[in-house]
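Okay, so subunit A shows up in both of these, paired with subunit B first and subunit C after.
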Partner chain A sequence: MDSFIATGLIGISLGSQYTLLALGFTLIFGILGVVNFAHGGFYVMGGYVAYYCNVILGLPYPVAVMLAMLSMAALGWLFESLILERVIEDHQATLMVTMGFYLVMATAILMIFGAESPQFPFPVTGVWRLGGIYFPYANMIVLGACLAAIVFVYWLVYRTNIGRGMRAMSEDLPVASALGMRTKALFPFAFALATGLAGGTGALVTPILALAPHVGDSVLAFSFLTVILGGLGSVTGATCAAFIVGLIEAYAAVYLGGSKGALTLFALVLIILVVRPQGLLGREVRRS
Partner chain B sequence: MTMRLGRFMCGTLLASAAFGGAVSACELKIGVPAVLSGPAAQWGIALRGATEFAAKEAMEEKRLVINGVACTISVKTIDSKYSAEGAASAASAFAAEGIKVIVGPVGSPEVTGMKPVATRNRMVAMVNSFAKNSIGPEWPTVFHIGPGPSGWAAPIIDAGLQRFKFKTAAIVAPNDQGGTDIASVNADIFKQRGVSVTEEYYQRGTTNFAPIVTRIMSSNAEALDLASSPAGDAGIIVKQMRQAGFTGPIFRLGGPGTDEIARVAGGLDILKDFLWYEPVYMDDKMRALEQKYEKLMGSARPENSDFFRWTFAARMMIKAVQIAGTVDNAEKISAAMRTLPVEDEHIGKGYWIGQKFFGINQEMSYPFAIGVIQGGVKQPFIRADAVSEK
Partner chain C sequence: MSSHDLKPLPAETRSSLLSGHDWIALVFVAMTFLIPVFSTNPQVLSQTNLILIAATAALGVYIMQRLDLMSFAVPSFMAIGGYTVALISMKLHVTDVLILAAAAFLMPALCAIPLGSLILRLKGVYFVLVTFVLTEIVQLLLFEAGPITGGANGLVGMPAVKLFGFELWDNPHVLLTTCGLAVLSFAITSLFTRTFRHEFAAIETNDVLAESLGLAAWKYKAMAFSIAAGVSGLAGFALVNMLMTAHPSSFAPMSSVNYITYTIVGGKASILGTLIGALLLVSATDYFALSGEMSPGLFGLLIIIVTLVARGGVVGVVSGLLYRLVGKTTPLNTGETGHAAQEHANQKEGRP
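So, the complex of A and B:
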């Protein structure tokens, strides 16, 4: 029973991290119609910015996380408005441009910091224990921060005028533009929000796992998987799917083993997509 | 007059072509398929650094002289990505450039992918890999840099049993040939010593090992072996195992990389009780080699101690080329290699082995060391003799 509860905690913890990544990914697709292959790169770079600020410059960890978020948001804003905006109408071009930007980021990290993992410890150590159940304080803090960020994104998307504007553009871009929504400001804003979330997640998660130039690859894969499962462009779908993926990954790995667990996760996602090709909460027809 | 001038110019051209041809004929090109990205990058960096060093050393000291001409040695490195397809495509690229001498790659999947391409293109290779079929009679021009866990896991487990009490162990490794071959060999050696073993495998690319850690904790293992898990992965596993409350000794019966494991895990305190295979015993000769590298290359040697093994391997390859008197005939270089004693000016003397395990006597064996961290404190290395089949 203890391991069942401990596994649930792991699943929720994984789910909250996947949610933050998937929310950014799905926001970009929902509003801009762009599949952002550079998403993993913003995650890794956020981790390295936090590492640089915290370990090299000696800034407090929370400040480092904020700087990582802001710098990734700024980079995202610049990337969208200077590069992506020029090809936004061409779906294939956006795929190539985001993929290319990911390679540029990964190579830049490799050249600046090297291929080996730096030591980037989480400032809080210790583990909460209750019988056989355990939960590291670091994971608890990261879970809390992730949940707070999820609440913030929901508030922004569903309770503010900016959010309403973004949702309107996601629903029907020509009509939203005709009604006065400023795509020149809202597109880069949505992109910056998403990349800021990815950078913040990287800054929070890499100290409890590991920081290395390659860790964005699996992040991209899981974000894509989660968003497809939830329904491309659906914020609530991405959130539900992220927790489902996290829990399945945890329970399958614990009770079936590492290899079969990964297989089970992908098999279940495959079955769900066969039954509901549009994803859990996605619409049947969508524009890009 | 015009005819004489024409003849003179033709003669000059022919002479320069002949002279130039003789010089360019003595360029040894070494292909290095090395993993330079991903969690195993530290191993590839050591391989690349060692080969570049051995090449520069040989040129500076004129160690490679064929037909009275000091040869130039160039090193071409391609990222083999710790995958069979990465190494196979690297070997194909080398073949396209006419490179016949290969040093590397590091991992079992890479070696498995490269061997057929190397054999088809008549290349001579000095490979690593702890796989059960790293070398064999079907690949006569492939040599092995040193024994895998079948050669050195037993003394390390014995050193662990002397220091710590455990009757059960869990082995965790990636679920491909680079993991399963090593884990199964280690498991057999643990069992021979009365330790019951469970094997846990994970998908390469996993970044959060918490579920696998929960599974291992449920098995009540008293010791853990990280086998050949890349250093980056191994560091996360150690960190999460200790967070989960695991207090037993941890073995690293795979490739070296303790420094990176400690960095990722959070320091020596987290490793606490840790034993690993160290490819060489650090003594004054080794330190002299480190200094030589620093002087020649202008920077500290690559961190991973596989650097020493690859230096030895690259030097042996250059020696074999020297004896063979050819830079591009794999069969002649292989034949020359078999006549060489396993001996290095810094690492010491060893043996050719491999007949019993692989069916071919093409594995180098030389003294190694056992690394021990006890209570979070690094202990002096324990020197171990070269494994012999005699």
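So, the complex of A and C:
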């Protein structure tokens, strides 16, 4: 029973990480109609920026995380404004440029930091213990940070004018534009918010999981899974789905072992897609 | 579209079996049969092999693009075709290339029928994502089904294939096998997409409207998905035959990005674009490989530049330029779809 609870806590921790990734991914799709294949790249690069700031420059870890988040947001803003904006009407072209940009990012990381995984330990060690339940402090801190970020995103999206503007554009872009929403400003902002979240997640999570130039591939696959399950464009759906994915992954890893957990998850998502194509809380989709 | 907008179509698009682009692509692919005659350089043979396999695999993307569906499932069907061939030749000791080619085409095509009945109901981005998930599942299954697939070790030591008892084992003969499979794939794809061009154009433009006008869109989607799977299976056969090994890493999910890139960069509206895209990008990868670690980044940069600068792909841009040079107003970068749609409109208005 203790192991069951401990696994559940790990699952919730994983779920909160996936939520941050999925929120960014789903925001980009909901508002811009873009499937961002570079999302995993921003995650990895965020991890490397945090590593550079924390381990090489010696800055405190929280500062490194903030810098990773801000730098990825800035990179996302530039990418959206300079490249993505030019092809935003052509969904296949957006797919192509984001895929291309992911390759550029992965190569840049490889060139700068090399192929080997750097040593990037989480600054806090130790395990919280209650009876037979063990939960690492690192996971606890990451869980807290992720939950705080999720609350911030919800506040931004549902309680601010910028968020209302983004949701209006997500609902009906032509009408929102006719009512004065400035796509030139809100598109890059939404993209920067999403990439900042991805970078921040990378900075928080890679010290616990792994930091290597190509870990973005699996991150992309899990982001896909989460947003498919939750329903593309749905913020609440992505949040619910991320926790479901996190819990299934944690329990499957412990009780099924090997890659059977991932296989179960993929098969489940495939079935859900077939039965309910719009996902748990999704709605009619854009064309791609 | 008013009748004033309709331009006379090139003769070959009105009545011939294949379009001009189809013929050019087929002739180019068939000409690779001559390469072993003029060169025994292993580098040349290997590079030609890679280009033909890439072009054949990208045909799976091209076929689905006729229906405005972007498929990431190519590596899955390549894996089914490749592993089928490996299993038949290693376990059943059947090495006849014609039987193996039939198996490599039919097995993925048959698998695609039940699968297609489930996932072809999806549209747009959900179709993109579900095909991506499918490649992940197939990849995991290849690792998990160790007793059949060899798991992480794959199936190593495939025997050389034979044609009428003649063993095709050395590099030139391996290339000839790949050439044969590529010609077959291009011929199947050209005939298939040409035969149903009106239906595909209607579905691509507006599938709901096409269905409401009595077109059984699901039937054409299922056929296209199945043929695309079969052609991908042939590419899988060519790949495992070249490597003499069927290994999960040969069918990595992210490799689907390459096949999509070949199609889009070359020009998705024409089968010639698939061939040119594969030719340019596989050569570019080889060239970039000289830059070592920078290779994927340069490849990514090339993808971005071509997407930004040449939206119709290489074939679309070149065709557009040629049309401007000869003073015609209709750009050719609408490719087959544009011709088919125009022809469809002509037919509706009673024009030949």
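In the analysis below, the second predicted complex is superposed on the first by the 283 of 288 C-alpha atoms of A that agree within 3 Å, B and C clash if a C-alpha of one lies under 4 Å from a C-alpha of the other, contacts with A are read in each partner's own complex, and residues count from 1 in each chain.
FYI, a contact is a pair of C-beta atoms (placed from the backbone, for glycine too) under 8 Å apart; a residue touches a chain by one contact, two chains touch by 3 or more.
Everything numeric here is computed off the predicted structure, so don't read it as measured data.
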**Prompt:** Taking subunit A as the common reference for superposition, should the pair subunit B and subunit C be classed as clashing or as fitting?
**Reply:** clash
**Request:** Could you look at A:Leu110 and tell me whether it touches subunit B, subunit C, both or neither (first, second, both, neither)?
**Result:** both
**Message:** Contact-wise, after the overlay, does A:Ala148 reach subunit B, subunit C, both or neither (first, second, both, neither)?
**Reply:** neither
**Request:** Scan A:Ile228 for contacts with subunit B and subunit C and give back first, second, both or neither.
**Result:** second
**Message:** Per the contact definition in the header, classify A:Ser259: touching subunit B only (first), subunit C only (second), both, or neither.
**Reply:** both
**Asked** First (subunit B), second (subunit C), both or neither: which does A:Asp217 touch?
**Response** both
**Prompt:** Counting only touches as set out at the top, which of subunit B and subunit C does A:Leu130 meet: first, second, both, neither?
**Reply:** neither
**Message:** Touch test for A:Ile83: subunit B only (first), subunit C only (second), both, or neither?
**Reply:** second
**Request:** Examine A:Leu179 and indicate which partner it touches, taking first as subunit B and second as subunit C; both and neither are also allowed.
**Result:** neither
**Request:** Among 80-88, 134-142, 242-250 or 332-340, indicate the stretch of subunit C whose C-alpha atoms run into subunit B.
**Result:** 242-250
**Complete:** Overlap of the subunit B and subunit C interfaces on subunit A comprises residues 110, 115, 217, 221, 258-259, 262
**Complete:** As the complex stands, subunit B meets subunit A at residues 36-39, 41-42, 44-45, 175, 200-203, 205-208, 210-212, 214-215, 217-218, 231-232, 235-236, 243-245, 260, 263-264, 266-267, 303
**Request:** Would you mind writing out the residues of subunit A in touch with subunit B in their complex?
**Result:** 3, 6-7, 10, 13-14, 110, 115-119, 121, 125, 127, 129, 134, 136, 209-210, 212-215, 217-219, 221, 249-255, 257-259, 261-262
**Request:** Sort out for me which residues of subunit A touch subunit C in the complex.
**Result:** 29, 35, 37, 83, 86-87, 90-93, 95-97, 99-104, 106-108, 110-111, 115, 217, 221, 224-225, 227-228, 232, 258-260, 262-263, 266-267, 269-270, 273-274, 277-278, 285-288
**Item:** In the complex, subunit C residues that touch subunit A
**Value:** 68, 70, 118-119, 121-130, 132-134, 136-137, 140-141, 143-144, 253-254, 257, 260-261, 264-265, 268, 293-304, 307-308, 311
